[in-house]
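You will see subunit A twice below: alongside subunit B first, and alongside subunit C after that.
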Partner chain A sequence: MGITFRKETFRDDYTFRNSPEHIRRFPFPFNEDSYMYAVNIEPHVVGPKGSVLENLIDVDEHYVAEMQDRALVLAEDPLRCQSLPHMTLAGWDLLELLMEQQALGYPEHFTLTRDGDRWRWINRPLGIDDTFTFGDTSTLPYGPMEYITRQSQGDFCILDQRDGNLWMDAGMVTTQADWSLDFDIGMNFFEWHAPVPLAHEKGIFIRALKFLTNIQQGKPARRLNWTMTINPRLDTSPENYHKWGPDRATVTPENVGDKVHLRVELQSFWRLPRSNGIVFPIRCYLIKMDELVTQPKWARRLHRVIRDLPEELATYKGLTRYRPTLVEWLSKLDDGSPTSPGFGPD
Partner chain B sequence: MSTGTTKLDVVVSDVVPVNDLVTRFHFRRRDGELLPTFSGGAHVVVEMRDGDRTRLNPYSLMGSPLNTSEYTISVRRDDVGRGGSLFMHRSVKPGLEMVISYPVNLFSLDLRARKHLMLAGGIGITPFMAQTAQLAGSGGNFELHYTCRTASLGTYADILQQRYDRRVKLYHDDRDERIDLDRLLSTQPLGTHLYVCGPAGMINWVRDRAAALGWPSETVHFEHFAAPQPGAPFDVALAVSGKTIRVGSQQSLLEAIEAAGVDPPYLCRGGVCGQCETNVISSDGKFIHNDHWLSEEDHRSGCKIMPCVSRFEGKSLVLER
Partner chain C sequence: MAAKTIISRPVYGTLSPQPGKHHLFVADAEGALAIIDMAGKAPAGFFDGAEIVFIAAPDGKHIAALEALKPAQLHLPPSFASLLPRLRQTLTNAHMGLRLYLSGTEGLIGQAMQVALEAGIDHTSMQTEHRGSLARRMQCVHCKGITENVTTQPATCAHCGLLLLVRDHYSRRLAAFQGVCINAEDRSEIPPMEEVFR
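Then we have the complex of A and B:
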């Protein structure tokens, strides 16, 4: 049993696909026919079986391919993974969290054995079997954060908490929606959110920071965010903008279904016990329009959301260039009938 | 009862008198599992079921964060307080089952510091017990200056000196030993962070001198849980829940609200974390603000109150709860 891991790519020939089961479990981010910012944070508790929330750290059929893509990104640009000197303890906290959660959720794929500070970690999908001393960096091939995040889907930001603020002082960021860890490293919560339109005026960041600095151990929280990406490219970084930015001009009525992807981030927030920091996993899910519209409710709703999106948000999310083409394509799948409440497909 | 944290079911595994005023309590999990890992400076909120009253008091964890088989706290007996410490001293015996919160850290080490300079007064030593253990385990650079009334009331002074030798300096009030604070603060290497925990007067003195000597405020850390003070009983109307309650003289406003079945969020119960901040809808009387959370402007406005530590005297008070 266990997950059948797909062999696929997120670059060049773009062979990434979702299986029918993975289409149905896709974390569709709209629970109504329009979208505006809200502080949409809720407790990160286990959700229904067969959903991406079945485990608090989700491992899916794209795991092996995503880890291979991350290794390629890091080989070209090691600065995608950075940890300021005071963040090593938080890295150990994260290593413990991810090993525990992956072993708990997927015992057929991951095993963690602890004997005091002597730990053995078996990762069968990636063929890893390492024994090391918890807390002793010299016993691992990388620092603790880099070691475990080369084996965990999603980006990870580790935030130091001090002076009533959060500071982006460590992270592994290779599957990002056009932001750069190398640019943001060392910034505080308000500094790294400065480019986001509209939300500052609504006081959203002040409330969000207040909430995040009060996240407690054992009580993680989560929210969904979304954007769109042309081609199933995980690494849409500013550093590589020249590789993916021009793709936005390639969308035609004929290729919308294949090229345009909804990109959803499941963001969660966890208090780290030893360092008192916060880890912020940003897990990226991609789905192409052809796959998404196999669920008629999602097709109708997405049409209405994209059509009515405020101009500032469309610009910020980089949709401006191909929005008319996409809306026209989706409109043919929207007969105007009502959509049922909630996120899930009918 | 609501809380910002998850609860832990524990049993008191040991009760150890430390000196005339201080007793140490050890907790283990009832299910025999390990307790959650914590960081030096963290506290837990202990629920005390005393007849039909429930008090919830915060206490710093003082064990090593490397040992999660048990948690330890030290409680100083306060004969004129609201009775929480007396309950702990008189009624809590080994074998008693209690409920405590998950650890919360509002007095965290700044791990960027090149050196950690710690100033403790009296029972304010407890968070430093855990912080020094954490730093010693990872080769951290620290120095602890500890003021106590007499040698016999120097809680854990002997243990600290055994463990850390010259990194610990003691000052006894009865021998007229005083920290030469200006000299101490003027002779620290760049990158030093200052931590202070003790009586309010000591915290204010240290913060004032540090500011006067040019220490950046983000390098000065302090923990001051204001214990709720007793006072005259008063009546409060809770507009949202439609209840009217009486706050007893030995009860905090937050405890009275909870006793009425209304559950505001909380973390520290000491006027510092801001969780239980409550809007005042109307009032006719005088607020007795004891918190460290609201601004002076908020205090003057009469529009907000921290029910964990603050009280009211007057004709009427209506809160948005």
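Then we have the complex of A and C:
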């Protein structure tokens, strides 16, 4: 048996939904009743069966629809995918990683066969069967990074490591939480994080950079990040902010459950073997409030987190306009009883 | 001088003579004064191996003072756009030992640095000094249009007309600050426009 891929949209009529199994496996990002930045990085190792960590590169029921949405974004704005000239080798590294991981985790959907440099890649959900020469860009319809990331859920940033820093020198970024690859490409780790409030003062980025530049091949790491999105819109780019921004003013007590989504990023960090770069997949998971509160522990905890969030963070995450409405709605689901430790539902 | 705000925002220094065989200065407007001040600290004969490219104000202010430094070459292009092909060729053909000095408005420093980066020169090896106007070169994140000489906060995009928050977030590659729609969530909210980058 394989995954049943949903037919759904992340724009216009917004038919995106999570199945009950996918609600249970949602990577809820709060392990206590409050939230503040931390260098919450841990080894990216395989987790429990049925969780989003069952495989190191997760493929889920939204795969096909997400890839269709990505193609729409790229057709409108090709600058969402860019690679500086010295990053092609890292693109091949990424192609190998994603083909290997997807074929390993989901053999019923993906098959990779290698005969020296002649590789055959079969992607059944998307109807792709290509044979190409590894390392020869002319044998693929796109550059290697674009080719494989049109077939992989999540955004991908490839970081070049030099001068003791990491440089955002390539990426496929169509499902981002309000940052622009086109603007940030070529920047170093501190520069592209420059607009993030509070974290610089806490020394977060200095410690994070030290950790990331020491990542070893075969020992990936991960962290969770989160924000909220109105409507299940993957493309919340700054480029289109003037199109999706007005949605934030449409939240009412009646539609909170349907419109407000928790948006969780599972970020992982992998050393690439040939280029010595780091690839940074940012996998986005969305869940609407109505789905999330089917787990009473999550409802209680989310209420407390959003209610007590420092104002600067709420502003940075763009919650200001609808936070009172959301907190009021969630408060009715919080009886004040304690929540159990850990991320998972009870 | 511009205050340091966030890490991506450029920080400028004071021009000082560097060891090297060839010295290329690119300056506009009040940037000439940075070169003239530096000349006082330069060793004898320094300007024998120097080219000064100066985009003067319409009144020709500072041209005579730069001539008095007797650089090997003084080039006076009418605008940055007209300088671009020549600057590209000079930097592409440059050998090790060329030192680059940029002074004047942020727009000039940023655009000259952009050309130098494309020629493979590391930004940390360039001498920069900000003089004169704090006007910003801004890229609209929505339509990608560049608006020059932005002095207000917020500012109107000269291309798509959206009202933009001029952020401190800066891209050396684009030589521009980022402009993001300030009232995207409710267009009827129109914050007052203040002259802040003068």
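Please note the rule applied: the second predicted complex is superposed on the first by the 346 of 346 C-alpha atoms of A that agree within 3 Å, B and C clash if a C-alpha of one lies under 4 Å from a C-alpha of the other, contacts with A are read in each partner's own complex, and residues count from 1 in each chain.
The rule is simple: a residue touches a chain if its C-beta (ideal position, glycine included) is under 8 Å from a C-beta of that chain, and two chains touch if they have at least 3 such contacts.
Here the structure is a predicted model, which means the values were calculated and not measured.
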Label the relationship between subunit B and subunit C on subunit A in the superposed model as either fit or clash.
fit
Mind checking the angle subunit B, subunit A, subunit C on Cα centres after superposing, to the nearest 10 degrees?
70
Taking the superposition as given, does A:Cys284 touch the first partner, subunit B, the second, subunit C, both, or neither?
neither
Taking the superposition as given, does A:His242 touch the first partner, subunit B, the second, subunit C, both, or neither?
second
Quick one: subunit B or subunit C, who's touching more of subunit A?
C
Under the stated touch criterion, which partner chain does A:Val73 make contact with: subunit B (first), subunit C (second), both, or neither?
neither
Of the partners subunit B and subunit C, which touch A:Ile57 in the superposed model: first, second, both, neither?
neither
In the overlay, answer first, second, both or neither for which of subunit B and subunit C A:Val264 touches.
neither
Which of the two partners, first being subunit B and second being subunit C, lies in contact with A:Arg321: first, second, both, or neither?
second
With chain A overlaid, the minimum CA to CA distance between subunit B and subunit C in angstrom is 5
So in the complex, which bits of subunit C are touching subunit A?
6-9, 139, 141-142, 144, 162, 167-169, 171-174, 178, 180-181, 184-187
Touching subunit A in the complex: which residues of subunit B?
4-6, 36-39, 41-42, 65, 102-105, 108-112, 134, 138, 218, 267, 273-275
Could you pull out which subunit A residues touch subunit B in their complex?
84-87, 89, 135, 160-163, 210, 214, 216-219, 273-276
Where on subunit A is subunit C touching in the complex?
79, 180, 182-187, 190-195, 200, 238-242, 245-246, 248-249, 321
